[in-house]
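In what comes next, chain A is part of two complexes: it sits with chain B in the first one and with chain C in the second one.
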Partner chain A sequence: MKGLLKVFLGVLTAIGGFVDIGDLVANAVVGARFGLSLAWVLVAGVVGICLFADMSGRVAAVTGRGTFDLVRERLGPRAGLANLVASTFVTFLTLAAEIGGVALAFELATSVSYLLFVPLVAFLVWFVIWRMPFEKMEQAFGLAGLCLLAFAVALWQLGPDWGELFRQASHPSVPDGEGHPTYWFYAISLFGAAMTPYEVFFFSSGAVEEGWTRKDLKTERLNVYVGFPLGGVLSLAIAATSALVLLPQGIEVDHLDQVALPTVLALGKIGLAVLIVGFVAATFGAALETALSTGYSLAQYLGWQWGKRTAPKDAARFHAVVLVAVVLGAMLVLTTLDPVKVTEYSLVFSAIALPLTYFPILVVANDPEYMAESANGRVVNALATGYLVLLTVVALAAIPLMIATKAGQ
Partner chain B sequence: MKRAVAILTATLVTGMVTGCVSPSRTDRDYELKAGNTAKAVASSVATAILGADAAGRHKATGPYLSVLLGMAEKDALAVQSTFDSVQPPDATADRLRGTVDDLLGSATTGLTEMRIVCRRGELDKLPALADRLRSTLDGLRFLADHFQ
Partner chain C sequence: MTGRVRDLALHLLDRQVVDTEGKAVGNVDDVELVVPEDGSPPYVVAILTGPQALARRLGGLLGQWLGFWSHALSRPDSSEPGRIPMELVTDIDTQITVARTRQELGVHRNEDRARQYLILRIPGARHARQ
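And then the complex of A and B:
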């Protein structure tokens, strides 16, 4: 049991990264419009995030320091600042959307307007960060997030033609009535979602919070190779349920309630209840991740004391940044900006910030002064270089495709 | 200088006022807008019908259905409002506008009835109301396919 609990940092990171409010809706949108013809993007995203999360976790375990701390030291303040600005902007947008996402999940359970829940959710996010120990936090929300496996159960219950699903996934094509630019816009959004920058900041900073050392490299790998593929499986299950139920009806997914509809039809009220718990856990977990990541990156860059393991009075500036981010995020959602739309755009901005995030990690993970015998091997470097080229192409294509397709309309 | 400011202000105000309305200069453009409108509202109606199906089989809770139907109605009303603000270019487009408007009116009225019944807790009435929307859904889908 103790061994099982050790993987919850990876599970929570992946659930936040793969099935936060924007991803929940984006995966359902993709399933309802393209079937499983974009499944290959999820596979590419899972491989990419495993590659770079493993690097950042290894760096944290070997050096005992956070990613931003090392990036600033190794590449200098200017390169670090570009990385900091780009990723903090995306992370803050995502935090605001996640606060709205938790409120939307409460609305599904109560039918009370989500806006009324926003201040309560913001308070709870801050309170959990302030009071709950890191290990308990990751276990509680990682475990509750597993309720989203209801999507996989619903998929099985819907009795799909597995051969047809596999054919769609293995023979990607643009469906009739959809244009190539829209197809590629969603491919970039899904890829950006899978590799969103805050995942690696949270994962590596969480490794430092948990006090990982070289001895924990096995645990680090277990977290990466269990957590992130699990997030990918959940994403695929969401897309597949939408492909089975919503696609034949020509339903365009815009809201969280529509994401739940196939599971409701397959599993009934119990399925819905489990799913709502999963929605709350996943979006709340993502809110915790993004709020902490904002504090982690700024504090590490500026050389402040940081972390939940440090007493708040000794890491006052770190906690102040987290508090301010949560308050500003709640205020942004209270303007009635649609949280789902906010994350849809943040996924595209995330795609733009990808090379800025992952290049420095690759540099540090190759530096023998920091990593000694734990530096990257040739195979990892070849793969990572290939991914960096891909990330650059994705970053360059993101904005033109967003404009050309009116954000996928 | 004052004149430049006045021209700029007039341009901005004109842009703000007319920018809200999407113009259609040709019949084809208007038909495409009608097709997209029908497709979007058909999506809301289909969502509501699936929700009613779940209600009929006691698979969904009242609060969930209330949100689902409320959102479907809100989306359909927003699409209807946008379409109504488009200027039809000629008499042919006027006729199409009449056909689409009839279907949109029927769809939004049906969705509103479903939302009201749901919020009164009379979930067992939803399948019957959904059945009445099926012909509207067929009409919307026909338009959406015809004017792609």
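And then the complex of A and C:
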């Protein structure tokens, strides 16, 4: 059991990347409109994030350095600053959306408007970061987030034709009535969400927070290869349940209750109750991940003391940044901006940040001065280089596709 | 302190500086060079750290913008960048270690202000949670 509790850094990181408020809805939208014809994107996303999260975690364990530290050192202050501005903006927008997301999950449970919950949620997010030990935090929210496995149970209960589902997933084609640009817009959204930069900022900094060393490389790998595939499975289960129930009925998804609908159908009220716990945990976990990542990346770029290992008074600027980010995030949601839409548009900014984040990780993971015998092997380097090319293509295509399809409408 | 030959851009600039307690002091945002008149190679006399140093090194519009903000946000007595003489540097590795604590170096005015005016006013600021 003790060994199992060690994988929750990976689990929480993946939950924040794959099933945060934007992706909960996006996965259901994709299932309801495209069936499983975009499942291959999730597989590609899981492989990509495993590859780079493993590198960032390995560098963190061997050298004790978080990812943004490397970004600044390897790209220099200028390109590093461009990445800092772009990725902080994405991370901040996502933080705002997640604060709204937790509130939306409360609304689903109580039917009281989500706006009333926003200040409370923001306070709780900050309070957990201020007071809760890092490992307790990742275990509590990672474990509760596993309630989202209700989607997988529901899928099982719905008794689908597994052969047909597999055929859809393995022979992807654009369904009738959907345009190619829209299909590719959603492909890029899912891929971008799977590989959002704050996942590696959080994972590598979390590894430092937990004090991993060279001895913990096994734990590091276990975290990567349990956490991210689990995130992928949750995403797939959401898409599959909505492909089975919502697609044939022609139901359009734009709210959290439609995301839950297939599970309620399959598992009844208990299913809904479990799912709501999962929604709260996943969005709250994503809020913690993004709030901390904002502080981590800024502090690492500027060389400040950061993290939860020391008393807040010894990392004063770090804690000040996190506090300000949470307050501003809550204010942004209180303008009644739709949290789900916010995460969709943040894609534009992550486009710039993606290559500028993953390139320095690859460089340092190959540097013998830092890594000694733990440097990358040839296969990993070949794969990672392929992904860098892919990420650059995605980055270039994201903005034109978004404009052309009006964000997938 | 003579005889340490390093590639400046690769081994010094932008690296993390830590104090005797392993706490972060700042980054190497710039360095102070001395060029000897006898034509021998230039050497580094001090590490400069803080937004003012970074602004100068960045130059251009970006540097001006950063310089403006760091100047506007700092008190008049702290508009110079933090300076750490090379005599205090004990180790140049993947991070730079100096033989003083953060307080003794006195390059930490912004951190001190964030602590004094915000963080210490919140209950629980003095306790680490492991």
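Structural remarks
Keep in mind that, in the parts below, the second predicted complex is superposed on the first by the 404 of 409 C-alpha atoms of A that agree within 3 Å, B and C clash if a C-alpha of one lies under 4 Å from a C-alpha of the other, contacts with A are read in each partner's own complex, and residues count from 1 in each chain.
Operating definition for what follows: contacts are C-beta pairs under 8 Å (C-beta built on N, C-alpha and C of every residue); 3 or more make two chains touch, one makes a residue touch a chain.
These numbers were taken from a predicted model, which means no experiment stands behind them.
With chain A as the common reference, the superposed partners chain B and chain C fit together side by side. When the two complexes are overlaid on their common chain A, residue A:72 makes contact with chain C while staying clear of chain B. Contact with neither chain B nor chain C is seen for A:344 once the two complexes are overlaid on the shared chain. Counting residues of chain A touched by each partner, chain B versus chain C, the larger count belongs to C. Once the two complexes are laid over each other on the shared chain, residue contacts for A:310 go to chain C alone; chain B is not touched. After overlaying the two complexes on the shared chain, residue contacts for A:265 are found with chain B alone; chain C is out of touch.
Seen from the C-alpha centre of chain A, the directions to the centres of chain B and chain C diverge by 130°, a value given as a multiple of 10 for the model superposed on chain A. In the superposition on chain A, A:23 makes contact with neither chain B nor chain C. Of the two partner chains, neither chain B nor chain C is touched by A:289. Within the superposed three-chain model, A:109 lies in touch with chain B and out of touch with chain C [touch as defined at top].
Once chain A of one complex is fitted onto chain A of the other, the partner contacts of A:255 are limited to chain B, with no touch recorded for chain C.
Between chain B and chain C, the smallest C-alpha to C-alpha distance in the superposed model amounts to 31 Å. Listed in rising order, the residues of chain B touching chain A in the complex are 39-40, 42-43, 46-47, 50-51, 53-54, 57-64, 66-68, 70-71, 75, 119, 141, 144, 148. Interface residues of chain A, counted against chain C in their complex, comprise 63, 65, 69, 72-73, 76-78, 80-81, 130-134, 299, 302-306, 308-314, 316-317, 319-320, 323, 369-370.
The touching residues of chain A, counted against chain B in their complex, run 107-111, 177, 245, 249-252, 254-255, 257-258, 260-261, 264-265, 267-269, 272. Across the interface of their complex, chain A is touched by residues 14-17, 23-27, 29, 49, 51, 54, 57-58, 62, 94-95, 102, 110-112, 114-115, 118-120, 122, 124-130 of chain C.
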